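Presented below are the structures under discussion, each in the form of structure tokens.
One chain, chain A, links the two complexes that follow: it is found with chain B in the first and with chain C in the second.
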Partner chain A sequence: MNFKRKLLSAALLALTAGAANAQISGNVVKIGVLNDQSGTYADLAGPGSTLAAKMAVEDFKAQNKGFTTPIEVIAADHQNKPDVGSQIARKWFDSDGVDVIVDLPTSSVALAVNQIAKEKGKAAIISTGASSDLTGKACTPNTVHWTYDTWQLANGTGSAIVKTGGDSWFFLTADYAFGHALERDTEAVVLKSGGKVLGKVRHPFPSADFSSFLLQAQASKAKIIGLANAGADTTNAIKQAAEFGIVKGGQNLAGLLVFLTDVHALGLEKAQGLIFTESFYWDLNDQTRAWSKRYGAQHGGKMPSMGQAGVYAGVLHYLKAVAAAKTDDGTKVVAKMKELPTDDPLFGKGSIRADGRKIHNSYLFEVKKPSESKGPWDYYKLRATVPADQAFRPMAEGGCPLVAAK
Partner chain B sequence: MTEIFGKPLPVIMGQMLIGLINGSFYALLSLGLAVIFGLLNIINFTHGAQYMMGAFAAYFLLNKLGVNYWWALLLAPLAVGATGVIIERLMLSKLYKLDHLYGLLLTFGLALIFQGAFRHQFGSAGLPYSIPESLSGGQNLGFMFLPNYRAWVIVASLTVCLGTWFVIERTKLGAYLRAATENPSMVQAFGVNVPRMITLTYGFGVALAALAGVMAAPIYQVNPLMGADTIIVVFAVVVIGGMGSIMGAVVTGFGLGIIEGLTKVFYPEASNTVIFVIMAIVLMIRPQGLFGSR
Partner chain C sequence: MAEDQYKPHPSRDDAAEFRYHRRAFLVMMALFLVAPMVVYPVFVMKALCFALFACAFNLLLGFGGLLSFGHAMFLGMAGYVSAHAAKVWGFPPEFAILAGTAAATVLGVFAGLLAIRRQGIYFAMITLALAQMVFFFSLQAPFTGGEDGIQAVPRGTFLGFLDLTNTYVLYYVVLAIFTAGFLLIYRIIHSPFGQVLKAIRENEPRATSLGYRTDHYKLAAFVLSAGLAGLAGATKAIVFQLASLTDVHWSMSGEVVLMTLLGGMGTIFGPVVGAFAIIAMENYLAELGSWFTITQGAIFVVCVLAFRRGILGELEAWLRRRRAG
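Entry: the complex of A and B
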């Protein structure tokens, strides 16, 4: 079925290829989804992101009948390893004619591919990757950081928790670029809001057993245990914290990066009451609901994570920029993406700053009690909306060389 | 407060206890591997996948059939052990005359197939499995809060390990088994059905892995990759203990759990390499392993 559809579209593409624009390399816009297709982050990114990219292509084609150049989506598994990710990115750019790489969870991989895209004059649209360095000291003219970043999460969740009395913290941090960035950004917010940090422990990534780290957190007597990790690491830590009676003992957990798929894996019984920041939730408004239903219908009923939503919106905007710039040259298209205002059903109207940061609203969510949930995937209630102009780090503070040069 | 190397004593005792809990899983898993290697000479790389299948079996029993944890402890190992029997009959039995490497390759391939199939079907974020009602809660030991479930894991694992050791080293059945590995044709000549015994032994080793999986389900997410992560450590444990030595597997399993726990206090970043460092040292000084004889 899938193969037949591919065959059909390939035949259609061959028919229309004659009219293709001379500025498009290889007469095809090739989008590479590079993420964790099988491991810790496969549910929050993975094949769901590939589907989101394909949906963006479909929708773009339906809205722009005049754009006849074929568009292709391919995907690969970087296994959360920077060396594997770099190898694939180089091969894609050098010999497979890929024009843009999207998604890129696992900050260490995102940072590596970020540099390669710059080196090769291609484009990178990062959705699930988190480190705020991507639009800070590591920013490039070839990267757009779409969905969220560690500064946004730290600021949204960290300040909300300190304000409600959680003023002493202990960090449980995944020991690689992402965890370090998230811990650093959150610590800064906690200190700035008048709280203090009593200690931290860095755990190997990925970890299955958190008991000894949780025990150290418990011994610190900190009011808040900040989980600077993601995916299965976060769900395991939360599950085991419950077992060790940490929440019953008066300490609270702060999930600094929690995805919808994590809440689904934990179940409401264990996840209830968690507070965290996200940029997207399927049940925000009519448009997000309509899109998510379409997505779910093709993905076994699962609702999209914010990372997957970001892949859709990022690819859609990228294609608009390709059509407007009449080229798929990475540097030029990214410049065009920053020039055009963004508008999509999932994140609404927004813009992309000179440092590559996509700007939109940020939301503080709380996980519902099992009794409050009306059905499958009805998990969040909205606590606060951080307006777009306050959600992200001010450009001047990031230290992005692109901006300083101006 | 008493301190050792600048760390408070209660923290160290807490970590040692946690090490003992992790050691329980290492011991149970390496025990199964040691039994299989000792009697079949097969390096069973499918062990991690079979551990994972045990956890999934428990999940299905609870969520599809409403069978509780205690029955799952019995039924899941039986079910997964039965698949082990089928694998042994259909595939492994054809390889005994060949080099070890073939058994290793076959079981490794099977592990990849099982893990891939489960991942395809259930994703990789994992499925939730709750701690049974009667074992929830915990005891405050003064220096740490010990969840009842974890205490149960230590007791159950020790019982199973010692029971297995007793059966193989001290009973008549165990004597047959050991004799069959030394000289199968001689034992066959005495009227013992050696192939059937070997089949059942493999099934038993696999059932041990599945049992560990059921016990792990409430602690970790039931996850298609849970075995892939653990099995590498367990192989290191078996190598350190001495391939095929049952006592070695059990003692090293618990011992390394404790060492790993202590590493988490003093230098957490090294906690997932320390076992391999020890393995390298042991292999240099005593290549047959601490308890190995060949």
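Entry: the complex of A and C
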């Protein structure tokens, strides 16, 4: 008798709970952080991104006490291999009940997961992945590209540097498609802004010895040496440029893909005078400082890279959209994300365009001299701000089929 | 001795070995048939592609005694050609896979002609150098998409009626391709050709003195191995719907050496076991994050120190000891 009543009430409870969360698959919102946890990009994404996603969940729960569905964060290492990444993504979507995959450094992996999310009707929020194709010809209704892209970096760095006086350029370009694209985009902006390009040299990818290329760059007398490469190539070039005294000789290096963690690894002595574009810096305002301090306290004192900040903001906005749409269906939530204005402590107020591009300010930074730095992680000074409406590629130029269809 | 090769009269040992192989093969096939019900099918498909790749490599290393350090070029190039054929030229998957295999075979002829002129470390270095050239080509050529690779390759319908977008249909097609490749390798190893190959591995001057043109045999083995590695790569491109630089990178050439050594070089089933072990590690240790590489390294050290014949090599040796004792 007693047992029966218990059973009945349990069944009733289950029924009502089921009704309340009818649209949430598996009764849990599951967020998968898929990135490089051990290799080249482990510092700028890696475990830090997982922490950022967890912080977003905490903050969301604190602000939305009414949202009772459990939220789970899991993480995996795609080892920068597209087949590993795509296999994990498929498994997560098919059998582990993951609703959204975030972060995704390495363009080849990001592009692969972008396709899988569309095929399975799930969501992808790309933060550390760079390719501007994600909101161009490869755009899907299931992907939001949050933090930055190659077009933004090339454009921001190119135009803002010319405007602040760096009007003659020399390019040091990694000799493969990615480097060529960066060089082409940046060169176009430099010329359009009234600067001139004195020369360029292509180095093999990957490369450990930049001495002959740097000497050519030095001899060109260009004010700005543009580094159209990424990762270890960029840091190697910066280190060797410091040995040649290029920056002390009055020329500036412009990095087209540089993260805070790269500057930290190089140290101010080597990196000083380097100019580049980012979407986020921990020391921008009170809100970013407060958040970064919380983050640092849980991450061995390290400050967040823009990719990690983007994971936090992206997950937070995703959860808001889930709550507003009352579902975790990928396509519907991404549509809701585009509909709702974004507002978070790190990127401020912004919006997401129809092609999936998140719109916010972008900043041109210069690395401080060791004498200017007041403490650990005090690395950047702000040289220029590119307002949100000019920071990203105009939607019509991207060739995104979603936009063309309208 | 030489007569044996033309008139094989199976001794008791051969018969026992054949029975063992048949039993092991049946067990393996039974496992593979039910595997997708238990394990995530895409994972098993990936492991099957690498198992075929490792078996092809083993044909060259385990039976021909030639250590190639550039086998990724066949895997990767076949993947690119198959992905490009399916995506841009609109080939149905069976022809895309054949095109990839053919490309790897042709590449194998040219690489083989150069490489088999030398032995040992020089052979390994030549294959590595050629593979690096192929890597550079893949990075630069316009059709490979550079760093992004070829993405969103359609799976299509196999032979016009098997819809590969269904994961289970795809699984059994991949299993059929793997089985065909595996049986072909088994047949090659146990043919007179395979016997000569083993003779060359054991003592090349002696094989020459018996009248065999060892270069022809080595080249044939190299091309067969390249073609089968290509079959694995072309299939993999259809499974994952992408072809990328990972598969032409030199570390992939290293990985297949490890798979073969871990499973048991020169055994029939060893490379399959090795490939599954490595892919499982890559898959299930991915969630360990930065501990992944360390764990993988530790497992290798233990393998090399404790069981040098590989997992299956040790198992077979133990079974043989038991039978004898």
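Just so it is clear, the second predicted complex is superposed on the first by the 303 of 406 C-alpha atoms of A that agree within 3 Å, B and C clash if a C-alpha of one lies under 4 Å from a C-alpha of the other, contacts with A are read in each partner's own complex, and residues count from 1 in each chain.
Here is the rule we go by: a contact is a pair of C-beta atoms (placed from the backbone, for glycine too) under 8 Å apart; a residue touches a chain by one contact, two chains touch by 3 or more.
Nothing here was measured: the structure is a model prediction, and the numbers come from that model.
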item	value
Partner chain in contact with A:107 - chain B first, chain C second, else both or neither	second
Touched partner set for A:268, first chain B, second chain C, both or neither	neither
Which of chain B and chain C A:138 touches, first, second, both or neither	second
First (chain B), second (chain C), both or neither touched by A:38	both
First, second, both or neither for A:352, with chain B first and chain C second	neither
Common interface positions of chain A, toward chain B and toward chain C	38, 42, 46, 175
Contacting residues of chain B [partner chain A, same complex]	8, 10-11, 14-15, 18-19, 21-22, 119, 123-128, 130-131, 137-138, 144-145, 147, 149-150, 219-221, 223, 225-226, 229-230, 261, 264-265, 268-269, 271-272
Partner chain A, residues of chain C touching it in the complex	40, 42-43, 46, 139-140, 145-149, 151-152, 167, 236, 240-242, 244-247, 282-283, 286-293
Of all residues in chain A, those that touch chain B in their complex	38-40, 42-44, 46, 175, 201-204, 206-209, 211-213, 215-216, 218-219, 231-232, 235-236, 239-240, 243-245, 249, 261-262, 264-267, 269-270
Chain A - residues contacting chain C, complex	37-38, 42, 46-47, 74-84, 86-88, 90-91, 94-95, 107-108, 111-112, 115, 131, 133, 138, 175-178, 205
